[in-house]
């Protein structure tokens, strides 16, 4: 009986082998959807809506608000915009599958505003090879800024700029004081550390951690025992909150500077009791600010994405919308991906909610500049004279 | 006859790419999804060999998949090794890891293996993230175009057949193993460790052997996955994936290849259908596991077959729990 | 330097007491029912959400909310035992363990559905300023954790040594069949053991909430360390669980401070494997006797 | 030989000598230490002091799974069959030590297939002898209890042991099933030594050459079954006042 199964299996595999040879020419053509022939431009996004990283998924609503806002004004390049957004739970394996779905099944024109360093890292090369534009991903990871990635357009300041902003500020105001950095031990935390070192020269204590860590007592005790006066935190939101709370509970109050990704969420003043006085890097206006660009965004959120607060995560989506719009704005039929990319590469000092953005054929730089906020009485204030311009395209 | 049904299914799977040609380029996505499913099914079958056949729990099978995927990716990136070499090396490394873990853990009480593998899954993640000079850290590794024995298998269709053949071969191997001395020893240990020992089965060593076989297959599946996705990253293989594999085996009905594959279909479907709501797929899968164990101990397999067997006789360590019935 | 070491050790003891209480609950349940409760952390987490809702949304004072969470945990433990596990008493042990894993996913998923995954902050159990004693910072939270461990440890030991229920539970551990013949209400005692075990998990979760924030995943790390502590203690001995937990707390904090915090759990599991090679029954465990 | 569990001594200083052919019975009241003795001989029970030798081999130095290769096979009081395997497969597990094929079996190598075929023939022969051949594909759980006990004995027999240990093989059997098993055991007694725990003295009289009575782990009497019947010590053991029974049996 077994022999028979084997024989059948052998026969089947030979058949399969022949088939696979016969079919070998399939699936090698360029990605579909490269040219817009209908009256709608479909954009694709992946963002975590579930799992521990779900809060960043709010960027979907910022993008929806932008699309609603543009469509209400008659669309762009004579077409309406539409978004298909999938939940990848912040898992690169899911992003890989979902981007295939967006490109081949849904035939989107471009991937826009997808969130997360590891998730985007999983797909950016494949998308670039397939000549599908990947615009304004939610990450400042240096890998996306490498030259030669023709179809990849990051819009955030690169993470090293974030670190340089902190370092420059410390050098100016706290020169000579012992400083420490707690950083996430990955492609997010390490470039920030590198930026800090670049502008500050040296760091007295460096403490790496992984996101799953919840008890930072030992780290805080170590900093306190070493007499550290300035602590910079290259952390995600939850870890940043845990560390600052630990500091308060151990009666330790150094100068604290958070990275922008750790302080954008709405509930931060509830989550960290000792936030007052804490600094944070930023490339967006503080939530609730009277900046006209923020007001435009907040008003659109209220109108086109009701029920979703205009927070920093939503603003990331809005930023992605702004960049995409700039690439489409002056295009005439036929609208193609290559025309879109060429148009993006002409943008110089393009003003967005995240400041000025520069792209050229040689360099896709994204936002140039960052500054600092400081927590005061339950809201963020911009620290005067704290701006840092990391642009190399001057 | 289940064998005939299996052959028909394999034939249908082999013809699927032909049918998919009618939808043009959209097939790229569907071929990927089904290929990915084949790889998951291999892992489910391998885990079933351990859980369903030998009665040992692993909560870190994604760790073995990760080990295989990383081995294949690193060898491919640095030395240009092909898919087959990646599968062999990945499988062997996973097997070695399982030997180190399994030797102390299986000698002891059954649940130790569950806890130790849980830790293993977490550790693989952490080490892959930390050792970035080798693994690329959180930025992962992008692989070159997959080659298999000199043949370019880089198209979606060819990768589909690679995954399908791997699944068929895995299923055949596990099926045949079940008909041999070693396979019977696995089942004997699951049913009653004491009686198995009295029949001359070296219980601890055989448990480790089952663990190694299972880890080897999972590692080889990981290598295929690496080439299929073209990318490997630590977050791909977290505890969530291990729980998914676990759910596939339980829902499908432990101790059957068809059950494991069917379980993979159901779990994959639930995962995709419920993905957009936070916690929903976790809750559904958890609920399914509880319901299956309480009301359908045979899982999908038994539901489909409707073959009823009388209650098993009191045996082995379970007898302790049964005494108070 | 000594002061620094002492401060780390103190933090280690405080964190270790959480591991110890987790391990204690796991061992209690294991001793009574031979089941390793993989849903242990998730059940404690669910109870913490009860406290969270009562404190932050209803405005109940902390002690009352804490009591309510404990009551909820007890009920949850009893329900799980009587509704799910009691049905499986004739099934293989593995089925019971698999059910606890299913419950882990179910509970975590349901809480995630109801409350989302955004971290929520819960008011500290005691909001006193830290006390500085000879250069050492004593956190009220740490002191509370250690005090609770001592109190609960002694209370449980006394309970098992002296009371009728405690003796009955010990009899079930020894031989469930004989215990039933002796007229011990096995079912009720099993339910009580589950209830009490889950209550311990709730104690840990509520104590840890200010540090971890309240999220569906808040207990994941702690419960894994709880498993390790229980194995170090021989998975069966209450004292072993206590000592194993405290020891592990110090080890983890030492790794955090001096080795590599980002690899803490990997190192701990590496050490655990080594321990199992050298002392298969844990650092404090006794050899077990198989039954035919 | 002495076996202790904590403070309890289940088998106390027992001397037992079994020739290489024939059927020998072990009798005694509940808790006398009979099953413990079998467990000690088959190496399930590890806390043994003294020495056990079989054909010059030191049995105490063997791991539990090595006992079969040394020639010791056993049955269980409650027929510990493997419910997820078929009747035939249960017997094949009994041949585990006699076979060599490792993982290569999954590749169906010629050597593996030849060995598998031989093993199946051997197992089927035993099943035929016991009239169980028709049930070879059934699940053990579907069989009546008597057949399960029979299968348990067959599983021990298939490895052709030198010493066959049977723990109450007749308990739970119907009157119709008893003679079948009795024949089978008598046949086995011609090929090897059979050490059997049994309560029914009438059953033993026909088959057993010698019987040893133990109580509280000590040897009380020894001799031919017929003679034992009138031994005052034996009578006292069985008919004696209802003493508390030790639970040693459950503990091993």
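Observations, loosely collected:
Every chain is named by a letter (A, B, C and D) in the order it is written, and numbering of its residues begins at 1.
Here, contacts are C-beta pairs under 8 Å (C-beta built on N, C-alpha and C of every residue); 3 or more make two chains touch, one makes a residue touch a chain.
The model shown is predicted, which means the values in this text are computed figures rather than measured ones.
The chains other than chain A, linked only through touching, hold together as one piece. The pair with more inter-chain C-beta contacts, choosing from A-C and A-B, is A-B.
Among the chains, the centre nearest to the mean of all shown protein C-alpha atoms is found for B. Here the spacing of chain A and chain C, counted between their Cα centres, is 38 Å. Here the spacing of chain B and chain C, counted between their Cα centres, is 31 Å. One simple way to say how far apart two chains are is to compare their mean CA positions; for chain C and chain D this gives 45 Å.
Touching of two or more other chains is recorded for residues 2, 6, 50-51, 54, 185, 210, 212 of chain A.
In chain D, the positions touching at least two other chains are 44, 76, 108.
Across the assembly, chain C contributes 112, 116-117, 177, 260, 262, 265, 290-292 as residues in contact with two or more other chains. Partner chain C is touched in their complex by these residues of chain A: 50-55, 185, 207-210, 212-215, 217-219, 221-222, 225, 237-238, 241-242, 245-246, 249-251, 265, 267, 270-271. By the touch rule above, chain C contacts chain A in their complex via residues 3-4, 7-8, 11-12, 14-15, 112, 116-121, 129-130, 132, 137, 139, 141, 208, 210-213, 215, 217-218, 220-222, 252-254, 256-257, 260-262, 264-265. Across the complex, chain B is touched by residues 34, 36, 38, 84, 87-99, 101-113, 116-117, 176-177, 180, 186, 216, 224, 227-228, 231, 235, 260, 262-263, 265-266, 268-270, 272-273, 276-277, 280-281, 288, 290-292 of chain C. On the chain B side of its complex with chain A, the touching residues are 3, 7, 10-11, 14-15, 17-18, 21, 24-33, 36, 122, 126, 129-130, 132, 137-140, 142, 155-158, 161, 164-165, 168, 172, 175-176, 179, 229-231, 233-236, 238, 240-241, 275-281.
Residues 2, 5-6, 8-9, 12-13, 15-17, 19-20, 23-24, 26-29, 31-32, 49-51, 54, 86-87, 89-94, 96-97, 100-101, 103-105, 117-119, 121-123, 125-126, 141, 143, 185-188, 190, 210, 212 of chain A are the ones that touch chain B when the two sit in their complex.
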